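Each structure below appears as structure tokens.
Both of the next two complexes hold chain A, though its partner changes from chain B to chain C.
The block that comes next holds the complex of A and B.
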């Protein structure tokens, strides 16, 4: 049945995707919810919470405020806090109750901005969508509000990396590895939306020659930057050695032709082993392509329970939003590559662990491998 | 000299001396920050105490996230399932069928048959005015061999009536049905953690031939159901009182509230109250009392005038505990809390009168996020939040009194204070684990 999750975990949601994407930029993010969202996000979905300060708060809405539609308290509380903490921007994020009572978060953000002079925006999150939608909303908003000026291009070819959050990439060094890989490929790292870059660096995104989209959450921002500044984008993550080389070529080609491109294609052949991989679409299709290039005996079908665009699905890849949909494909596979919390769904199949913070939170955080630009190995139920 | 006005303002908004503090809410209520301290229990931890039960949460994806991973982190994902509310369920009025069919689907998928299902609804259900009676009646008819417990994850209603925590502790016993009473069986209810078997309370009952039962000690679902046989419910956490009242009303089980306060006379009164109630001969607790006093004295000799910080997660009666430390000469400088229980007012007034300079520091005001957490002087923290906010590795790692109770509990706490003063603990690792005392894979 749709919407039931009997045996596994559930993915992080839109509010947390927004928080994760904006975490490092010096803003103040307010989740408009009762309680619980804040501790859930900061416990399970935010590995930076203990070591890196970020102004993420909850409005602590009560029954009476919800019933009476008391937006004034929220506005007063935000202004009172912002005046002391002076954030670079203010993001007001929706949740189930504001969604149900029809709170106009964008209007509230306009009032807050008028009162404080601090750029403010409201996000119509409702806690009923995947985190990928939240990342997408947040990064697109950054481009709208902060990437407003067309700046001269950098002398050397440079790249913005779009869609980086710990929800998909953890803190295992993958984003640094992408930076190193770009340098190896004679490309400079202009900015990263949004890990390891400041808001100032993001403001200067238009200096880059090309955007590299490393998760679905980065795609809308890429399209916006293409429309606004003519910057082409390439979708793919440089996993493995062969695929990283191929992706580098695609990035250069995008700059040369000024055409955006999706840099993962099904490796067409008759493989002996049929694997299934579950997860975020750009991450998985890139990794699947990388594995197929390095291991010709393996063919991988990607199943994504998350949001995707049709053009991101390779031949045979499927949307599988429900637990029942996934189970249909798993038992016939020779191997399943997925987060360990999917293991109860595939008891008779060889399972290769690929932990994903957006699914299992911090539980397997220390076991997430950095697979950027390095030869892949699969052995003893792990891919490393 | 230049002054950082912003930091001054931040400090000002997060702390107040007892002299100037309002009771029971010392700070302005506004945006809230959540520190990375996670030792307190949530409704999933509490619900897991019922043996052979399964939890099903019907909520939005964002709300499910914290509960499913609580279950997973305590290695209990096989006793947990979710039904996700989507936008269409809010708009088209299909909540009842989603719940009924969703729960049925989950039960068919499980590879075991739970004896009970704890079915949790969320804030959204209240705003939709869904038909709870219909849902539960239908499920009970369709699955007559399974008992369905009505449970709530409703933080929006946390300021209206019972708190989610009180409600959970009450619902936890809602499956009990009237049974013939056994006059030698007594329950202890309302606490998440099992009482220490060395406490005077346990000894009194054992010595007089009573059989004490706790949810934590139930091995089977039948053991849980047999708690209805007890002739008396004891409760020592204030948060457990609604559960005791409910059982008195529904099952005719009277209750006896023996608050775990840190006042020696009050503790003796508690024991007299219990022995009177059971009509048994009161005994002297001088030895236990002397041992507690001696342990506190020994701790004071070791700790001297080092700064002590306490916090509300350590015990429900944190003001009573702080007062006891002050009476025994300890140098308490700060107390981390955002609200106090009404029954703490007398202790609050006592501290205000005798130690007006002691600071009450918020744990959830936004500014706590950025204020420095390390300090130069050696601090002994009592409680995980106090440890986090003072940046000390010398801390007593206990939540909700840790099952310690009475004079014996005070003696144990004094020993833990000595140990914490002498030895460091891996603070970051310990305080981020959810559910103190529960299994954890973190």
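The block that comes next holds the complex of A and C.
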């Protein structure tokens, strides 16, 4: 059945993708939505909520405000709060109600910016799309609004990492491990969109020689930085040891040739075991390639229920948006690597747990392994 | 690119005016897109010989997925005018205004303007700015200017005033502004004077005065505009003159 989820969970929404991507940058993020359901973000999808302050607000739109299209109250509330808090920027994020009544969030942001002088932007999220679209909108907007100046390149080769949020990478140290891996490869970490970097560091993205796209959400920002500053990008996450080495070579090649590249390819061979992996496309194709390189007896087909571009799908990888589509591939597999909440779909198949915050929230947060630049092992139904 | 939104009271002749204007631009060698923004989906019918294009909402309803090509929801009509209709949800259900916004974002995703590269885009919008969706054609990135169609009838002028007021409310949002009034005559007593009074009070100009014409009805019965039917008619020349003026003042 189309658009029906009977046995598993649903992914985090575009609204939350935007909040997650902008969380650490000192801006004020306003979800224009009724209060209530948005606590899903703070309680389930945002592991930084209790440890790191961020100016995340809900407008708490009422029934009558929706019926009357009363944008003025939202505008007044934002201006009053922003004048008090002086955030670095203001992001007004759409949700199902403003989507249905056609609220023009970009126009509202323009009014707010004219009044406060603070860079403001409206995001046409609707709460019905998945989080990767939200991350993509947020990071692309950051590049448009803040990466405007072409700065001199850093002396040593340096890299921006694009597409980092806890929704895909949790807080298990993966982003720090990517930083260390880059240093090992004689490359400096210029900025990260957007974990562990300040807005000032992001403004200086044009200093970097290359961008590393670690999730689909970072791709539009990478394309914009390439168009604006000629910075090539490489798509891939340095999982495993062999694949991390291969990816490092690809990054150096991108700098040398000034050509962007997708750094995961299907390892062609006849493997004994046919596995399936479910999740975000860049994360999964990188991890699948890493496993295939280290375990010649395993062949992995990636299934993504999320947004992707055709060029990111390797041979045999598929978009599979519905439970029924997924099940068609799972029954014949020798093993399934996915978030534990997918387990009900594959009762007869060996299941390897790979928790994903954007799917199961914080339930399995502590079980998410940091697989960056380390030899991969799979045993007792876990990948570690 | 000249991007115009045509507003006015229901039944005042917006679609007739828009269709003839589109045909007039096309006869001047311009590449034109006409987008009907009305659930009735009848804006472009006289450019298509009476064979309507499938409305976008009908496509979405039928296939339960978004079209991947412009051709699936557009049809070329007289003079190569690319005709698109938003259509609407099943009558009595859903939200027609939201349907317009959804259609617009879909056209953006399909990169309509980038691929088709029109000289002129005309948005023919239902009656009045009744909700957010019906203001969508005048938002930033869509129409630059608005033409209000009215006759000298009281309710038509009332609707015209409502549209003008709605547009004024949006002045801090960077929306389109009103270019002028098209007087579409209904042979009301002192019609010109009545519309002139409204125009003066509103600080607007009457940019075209379209006489009531049996020729329009005759050619519409044959599924065409008067420009297609007989470009030499005086009524056809009125539309062509308006098109020339709008291009000159772009």
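Simple rule for what comes next: the second predicted complex is superposed on the first by the 383 of 384 C-alpha atoms of A that agree within 3 Å, B and C clash if a C-alpha of one lies under 4 Å from a C-alpha of the other, contacts with A are read in each partner's own complex, and residues count from 1 in each chain.
Quick note on the criterion: contacts are C-beta pairs under 8 Å (C-beta built on N, C-alpha and C of every residue); 3 or more make two chains touch, one makes a residue touch a chain.
Model, not experiment: these values are computed from the prediction.
Engineer: Residues of chain A touched: more by chain B or chain C?
Structural biologist: Counting contacted residues of chain A, the larger count belongs to B.
Engineer: Which of the two partners, first being chain B and second being chain C, lies in contact with A:53: first, second, both, or neither?
Structural biologist: A:53 contacts chain B only, not chain C.
Engineer: Once the structures are superposed on A, label A:114 by its partner contacts, choosing first (chain B), second (chain C), both or neither.
Structural biologist: In the superposition, A:114 touches chain C alone.
Engineer: Quick check for you: in the superposed arrangement, does A:106 touch first (chain B), second (chain C), both or neither?
Structural biologist: The second partner, chain C, only.
Engineer: Check whether A:367 is in contact with chain B, with chain C, with both or with neither, and answer first, second, both or neither.
Structural biologist: Touch partners of A:367: none, neither chain B nor chain C.
Engineer: Per the contact definition in the header, classify A:6: touching chain B only (first), chain C only (second), both, or neither.
Structural biologist: first
Engineer: Tell me which partner A:69 touches in the superposition: chain B (first), chain C (second), both or neither.
Structural biologist: After superposition on chain A, A:69 lies in contact with chain C alone.
Engineer: When the two structures are overlaid on chain A, which partner does A:36 contact: first (chain B), second (chain C), both, or neither?
Structural biologist: In the superposition, A:36 contacts chain B only.
Engineer: Determine, under the contact definition given at the top, whether A:130 touches first (chain B), second (chain C), both, or neither.
Structural biologist: First partner only, chain B.
Engineer: Where on chain A do chain B and chain C both make contact?
Structural biologist: 99-101.
Engineer: Using the touch definition up top, name the residues of chain C that touch chain A in the complex.
Structural biologist: Those in contact with chain A are residues 64, 95, 97-98, 101, 105, 131-133, 135-136, 139-140, 170, 172-175.
Engineer: What residues on chain A touch chain B, complex-wise?
Structural biologist: Counting only chain A, the residues touching chain B are 1, 3-16, 30, 33-45, 49-50, 53-64, 66, 76-78, 80-81, 84-86, 95-97, 99-101, 126-130, 341, 344, 360-363.
Engineer: Over in the complex, which chain A residues touch chain C? Could you list them?
Structural biologist: The touching residues are 2, 69, 99-104, 106-108, 110-111, 114, 124.
Engineer: Which residues of chain B touch chain A in their complex?
Structural biologist: Checking each residue of chain B against chain A gives 6, 9-10, 13, 29-34, 36, 38, 60-66, 68-69, 72-73, 77-78, 81-87, 90, 98, 101-102, 105-106, 109-110, 122-124, 126-128, 153, 155-160, 366-367, 369-370, 428, 432, 434, 441-442.
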